[in-house]
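Input: a single structure, listed below in structure tokens.
Going by the order they are written in, the chains are A, B, C, D, E and F; count residues from 1 in each one.
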Amino acid sequence: MAVRKPPITTREYWAPGHAACAGCGPAIVMKLATKAFSEAMEEKYGDPNAFAIAHATGCMEVVSGVFPYTAWKAPWIHVAFENAGAVASGVEAAWKKLGRKGKILAIGGDGGTADIGLQALSGMLERRHNVVYLMYDNEAYMNTGIQRSSSTPYGAWTTTSPPGKYSIGEDKPKKWVALIAAAHQVPYVATASIGDPYDFYRKMKKAASVDGPAFVQVLAPCVPGWRIPPEKTVEVAKLAIETGIWPLFEIENGDFHNIKFQRFPKDGKFKKPIEDYLRLQGRFKHLFKRPEAIQELKNQVKEMWRILGKEVELP
Amino acid sequence: MPKKVVSGNYAAAYAAKHARVEVVAAYPITPQTSIIEKIAEFIANGEVENLQYVPVESEHSAMAACIGASATGARAFTATSAQGLALMHEMLHWAAGARLPVVMVDVNRAMAPPWSVWDDQTDSLAQRDTGWLQFYAENNQEVYDGVLMAFKIGEHEKVNLPVMVVESAFILSHTYDVVDMPEQEEIDEFLPPRKPLYTLTDFENPFSVGALGTPADYYEFRYKIAKAMEEAKKVIKEVGKEFGERFGRDYSQMIELYKTDDAEIVFMGMGSLMGTVKEAVDILRSEGYKVGAAKVRWFRPFPREELYELAKNVEGIAVLDRNFSFGQEGILFNEAKGVLYNTDAKPIMKNYIVGLGGRDITVNDVKAIAKNMKEIIQKGKLDREIEWYHLKR
Amino acid sequence: MVPLEEVKKMELPADVKKKLTLPFEEHFYAGHTACQGCGAALGLRYVLKAYGGKAIFTIPACCSTIIAGPWPYSALNAPLFHTAFETTGAVISGIEAALKAKGYKVKGEDGIMVVGWAGDGGTADIGLQALSGFLERGHDALYIMYDNEAYMNTGIQRSSSTPYGAWTTNTPGGKKHFLEQRPKKKVIDIVIAHKPAYAATASVAYPEDFMKKLKKAQTIKGPAFIQLFAPCPTGWRAPTDKTIELARLAVQTAYFPLFEYENGKYKINMPSPNKEPKPIEEFIKLQGRFKYMTKEDIEILQEWVLREWDELKKKAEIFG
Amino acid sequence: MNVLNTLFGEKKAKAEKMVFNSVEEYPEAPVTLGTTLSNFTGDWRTFMPVIDESKCIKCYICWKFCPEPAIYIKEDGYTAVDYDYCKGCGVCANECPTKAISMVREEK
Amino acid sequence: MPMRKVMKGNEAAAWAAKLAKPKVVAAFPITPSTLVPEKISEFVADGEMDAEFIKVESEHSAISACVGASAAGVRTFTATASQGLALMHEILFIAAGMRLPIVMAIGNRALSAPINIWNDWQDTISERDTGWIQFYAENNQEALDLILIAFKVAEDERVLLPAMVGFDAFILTHTVEPVEIPDQEVVDEFLGEYVPKHAYLDPARPITQGALGFPAHYMEARYTVWEAMENARKVIKEAFDEFEKKFGRRYHMIEEYKTDDAEIILLTMGSLAGTLKEFVDKKREEGVKIGAAKMTVYRPFPIEELRALAKKAKVLAILEKDISFGIGGAVFADASRALVNEKEKPIMLDFIIGLGGRDVTFDQLEEVVAISKKALEGEKVEEVNWIGLRKEIL
Amino acid sequence: MAESPFKADIERVQKEYSEKMTPGAIVYIPGSSVVNKTGGWRVFMPQFNREKCIRCFMCYTLCPEPAIYLDEESYPVFDYDYCKGCGICANECPTKAIEMVRESK
């Protein structure tokens, strides 16, 4: 039998033995992102290892680096929660002066990116540092025990947005950091989901190979935070694409009129209802007693697509 | 009186609720998070009225939002830990400078790096210059009582300063214990609505707060804070006494003394570790050691007079610091020595650095320290001034 | 000092009142210490006029701290909280929350306006995160960014809102060409990416338009943001009497177009909508900060301006 | 004619410089106690605006654009300058459509 | 040959940075320090300095970028003051804990509220627990020299800690004085190139920086910082020696002035020392046995030197421009550490002076001496004294 | 059967591992987390049926650990030292070539 070549590199930068929960979505992101990066670096500079990682505090930071162990096989630095963008800027500047070729990968969760680290991210993008910022979006502060972040979707249960007599859960629409990043007119901004790993891989590679800053926001479900069985991580992420709640797109140089979409139904009609996505997750359980909340969520999803320039129909 | 079995964090959340706070602005961080989780639950279940929860995007903004709320006349509350507290640092100065009695629970946690989520007092003690009052709780009951008193003391017309109530990570924050909670009406009597020094809603005589203070005036405002801090000592004692009369737990002493009357050696420290120390004192007493414990409840303002009264009658003080100031020494030790310096109290003082980053402090540790102190007193000479007690060598 | 009894309170003649395009009442006191021809001071004057003093202001450390007066004086006839550089968005959130907790009416015709007033550095750079949090949480308050395109208070350093080619003290033209190299950060676009209830640009040269927008910000529920173009003659190395002219030219050249964003819809409100933008040279030639620009630099800036203008027109078409 | 300042009227007359001689006189918190009206910024001026009423068309543009504000409207509808505050920036002269305002070097 | 130039303190700091050749500078504008990065950006623009200058969006990001750059293995410099330093607070702990030898120039300025841009030391004193080495300069020359020394000490393998150099707002930052600019070659010799052995973020040798420390390791990690700080005492003295050999100017942990037969010694830091020296001369003429001393190094705290100094005095008066609310001056508390267990010790008094840029006058110093004399004569006096308040309040 | 791509790391960490505190608590051995055999967490274990496998690489791509590597013929190999038994591989396998079975310990 002929040997088939896997579509992703077999080099590894993310070692097992880390302490992520079983079925962790962000762990898949770490693995694929570093692999994609190394492929891009090899193509661009002839050196697959030509990158370093600046990590914000968060689940992936905690599970991967516990003294005296590390899961990382690339140079890696963690400084604090709110400054991955700034630390990456510093590393990039130092590399420039040292004459080192390569690119810096900054990684943050949704809290570390959309909330406390937004400003450092904005500064990094605006100053045009040669850095890819990867936001793994699990839609809440999981590391501290599931609190709402500004990236938490409408209606979701978290410990600080519990549903109750006076609350339907999170009551504010999701903040789309990818759009905020794109408003900085940087060379490349994309959203992805581990439900389509090769699309994510391609986008990471693209982000790594452009000159200047890039931003990728990837949906990475969290088993305990979303109240899902561990084997459903990828399935949920796939449903997010198929029901239209998670758009896949690329924006280059802030050009909102030429957004490229992936896996967008030609007629604008999504086939699967958002309920399919919600039903799998314990964090949305209470919504099924509140159909008006699901309707509101759907309205928000439509509005989000409208901002992206698409009119959609949701079943 | 209703009793509840709650964690230290829940005790803090209940206290905030019972104090009828009006604005809570907080940001998640381990191990503080369950405080705001509980408050979010109170709101979701409609258990509180007129409480606005602002889920801010960073600790820096948490303190800033509390400052804005407090300046508008509201009773404001927040909670944080370690890195979060450090990120607030600039705004801590601001809250005190603008004389806003914000109350904050700090769950003591070690400062990074390396990253650690366990108990260590360096985070709160590093904020000792910011003009905040600091109360250290030994157990969950003291967390609850401390928060209630913090509002009363901070909002007192002679004080008007922010107050930090400090509890230990995990040892208190996540450990369940019985807490006595008075009836809401009793608390309301103890803690009436806040009478702010000023509020931004004064449209009749609008003013600005915190404007540029030139060298002609800046100094006086600093002095006012220093003076308010001195006044706070009296207020603390009054309020502590009133608390005792109303609810049966007396807090009129800024330093809680335990079997110190005839003691030769006194262990001095703060927070949850003093529970262990008291236990050890009992055992050591039964073994014939004349030892006692002094628990510093209020680190700011610093209980200078009470410490002197204690120190003049003992031969040695072992200061247990779960913190360290680099280039110097344990912070409680540092300050305790300073205030005794020009007095006639001349006990031998030694600094034991213990339990950093959540390392356990056991009764046996305290016993060993007692032995060491006794030798020192017999020799009349220190072996060393600072000992990193728990170090693996 | 004038004896009090000699001070006469005057009623304005009715015909004069009719001719005035702005409210007559002044809530911004003279004697403040802004530089001559300060655009920001003028902006503050307009805001206070619009809200008749019934607004709580928050000003971070910036030029306006000085303008509003050192202790014990205030130039604002309204309550004002001075805060740290990076916290405007958070402090107005806290004030709004406190007002609601205390049962005050916030916003709307007769409600209290909560206004954050911060410069471009305090908004686009160090305060961006607090602004983002404020927008995302949907507080009923107004954030005004007065844009003078650099850190003027500390002595003219570049901010991310400084345009391409500008001289500042930390982007001096040296032996190596070293003016500001990056295009102006589009804070308004970043704000709109948050889907706020209301966002708009305004200019001190068009106070009636600004006033209209301030009124809208008052009546629309939810967070509002206005980016106000406020020239700084000192920092722009321009004559002090050109403040309004510069602000007008910025609009006429489409360097700083006027538009608003409401309910997901864009609306351009240029004073002469059908005119083609004037060449950017007209705007830059009045200012010393642009004098080091080469011909190529000017072309780059011109190209950027027109591209952004096209982009905006397209948006207005699609999301009109 | 005794229109002294229709912009701030009594407030201006009452405004005075504050001097504190003792720490006890200070308020507890840094809240301001008065207005900037006691600060006569007119002495910053090098050029002063002079209004020629014969050219004035009462369009009030100068009133509108004064950043201090130091331009007021008299009973007769003409505008005038409060020289106690005018810093002499010249915006009024530059914006005046009929050139009714000229900037004159001030003799001191 | 060393060149003499008349310059402001901020410019001296920028010159020091230029001579030290950092590869990365990240800074954010703040009064009164802005001129430092301004001058550096001019140097960079003119090609006189080969550094990457990151114009960050906040001080928090300034220090974060410095941490990133230093962790990548290059010499790194920044400057700030007051609120800016306070905003950096969290990352200051981290820079020290990660053992990154960043050097920072501070134009010592008061903290809010009320906002005040003038001189006191509250900003740096409030960072005394963060693990940074702290130097205080008396004049512009010292600002320049101490920044060079700071690099030397910080980067020493036995230390590897960040260092800050404070010089007083406006009194130094904006005042021109003649300053000798050392030769570049000699500075190069003195500092050498920074080749980190511990932190480098190099793909050829991947390492992980900033890992989690469980209770099993945390305490040891902190202990190594303490050890490094203890080592710094020695390393600083060595650096002072070498600096004298190379540049001819002598520095001391504590510099003494006419202390030998003094009964009263006034101890301070920073530019105030200059005033004290003049004042001592005046009082000596009047026959008062008085001396002055200046702490150049505040962290690590010069314990031995202070003990030696204390032996000479009957009253040790500490003049400090900071206040730790609820207890008193920070320097006083620190000094008591050195002396509390000594057999013979002087009376120690604390004087809070010159906060927020309040002028320190000879009249105020007379007051200090008067109180000290009272104490000397056995009269009971307050331990913490506020000098220069507008009313006699004590 | 091919070797684990982490073999060298395992050997290095076994040889060089030290608990000695480093300046700044820096970790010098990349990938040293391989000493933690997280396979012990497992309740269900993936059982692989080579016959059904079409070598689509989905399991290899999606394993979060990673505890799946490829042999010479590009078939997946399961490294039970690290597999936590989450079941993503089985759930995503298009041909059901992987099955989760309760592990008896």
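By definition in this document, contacts are C-beta pairs under 8 Å (C-beta built on N, C-alpha and C of every residue); 3 or more make two chains touch, one makes a residue touch a chain.
Predicted model only: the values in this text are computed from it and were never measured.
Trainee: If we look at subunit A and subunit E, which chains touch each of them?
Mentor: Where subunit A and subunit E share a partner, that partner set is B, C, F.
Trainee: Is the number of contacting C-beta pairs greater for B-D or for C-E?
Mentor: Greater number of contacting C-beta pairs: C-E.
Trainee: From the centre of subunit C, which other chain's Cα mean sits the farthest off?
Mentor: F
Trainee: Taking each chain's centre as the mean of its CA atoms, which one is most distant from subunit E?
Mentor: Between subunit E and the rest, the longest centre separation is with F.
Trainee: Taking each chain's centre as the mean of its CA atoms, how far is subunit E from subunit F in angstrom?
Mentor: The computed centroid separation for subunit E versus subunit F comes out at 52 Å.
Trainee: Can you check how far apart subunit D and subunit F are, centre to centre, with Cα atoms defining each centre and the answer in Å?
Mentor: 78
Trainee: What's the distance between the Cα centroids of subunit C and subunit F, rounded to whole Å?
Mentor: It comes to 57 Å between the two C-alpha centres.
Trainee: Could you please state the distance in Å, as a whole number, between where the Cα atoms of subunit A are centred and where those of subunit C are centred?
Mentor: Centres of subunit A and subunit C (C-alpha means) sit 34 Å apart.
Trainee: Two or more other chains touching the same residue: where does that happen in subunit C?
Mentor: Residue numbers touching two or more other chains: 65, 69, 71-74, 77, 82, 84, 86, 124-126, 128-129, 132-133, 136-137, 160.
Trainee: Would you pick out the residues of subunit A that each touch at least 2 other chains?
Mentor: Counting only residues that touch two or more other chains, subunit A contributes 62, 65-70, 72-74, 78, 80, 82, 114-116, 118-119, 122-123, 126-127, 150.
Trainee: Note the residues in subunit D that touch 2 or more other chains, in rising order.
Mentor: 20, 23, 30, 32-33
Trainee: Under the stated touch criterion, can you name all the chain pairs that qualify?
Mentor: By the stated definition, chains touch in these pairs: A-B, A-C, A-E, A-F, B-C, B-D, B-E, B-F, C-D, C-E, D-E, E-F.
Trainee: Touching residues of subunit F toward subunit B in the complex: what are they?
Mentor: Within the complex, subunit F contacts subunit B at residues 24-25.
Trainee: Where on subunit D does subunit B make contact in their complex?
Mentor: Touching subunit B: residues 20, 23, 26, 28-33 of subunit D.
Trainee: Taking the touch rule as given, give the residues of subunit C at its contact with subunit D in the complex, in rising order.
Mentor: Interface residues on the subunit C side: 1-4, 6-10, 12-13, 15-16, 19-22, 26, 28-39, 41-42, 45, 69, 71-75, 77, 204, 207, 233, 239-245.
Trainee: Quick one: in the complex, what on subunit C touches subunit E?
Mentor: Interface residues on the subunit C side: 61, 65, 71, 82, 84-86, 121, 124-126, 128, 151, 153-155, 157-158, 160, 169-176, 178.
Trainee: Given the complex with subunit A, which residues does subunit E contribute to the contact?
Mentor: 23-24, 26, 50-52, 54-58, 60-62, 64-74, 76, 90-91, 94, 98, 200-214, 217, 221
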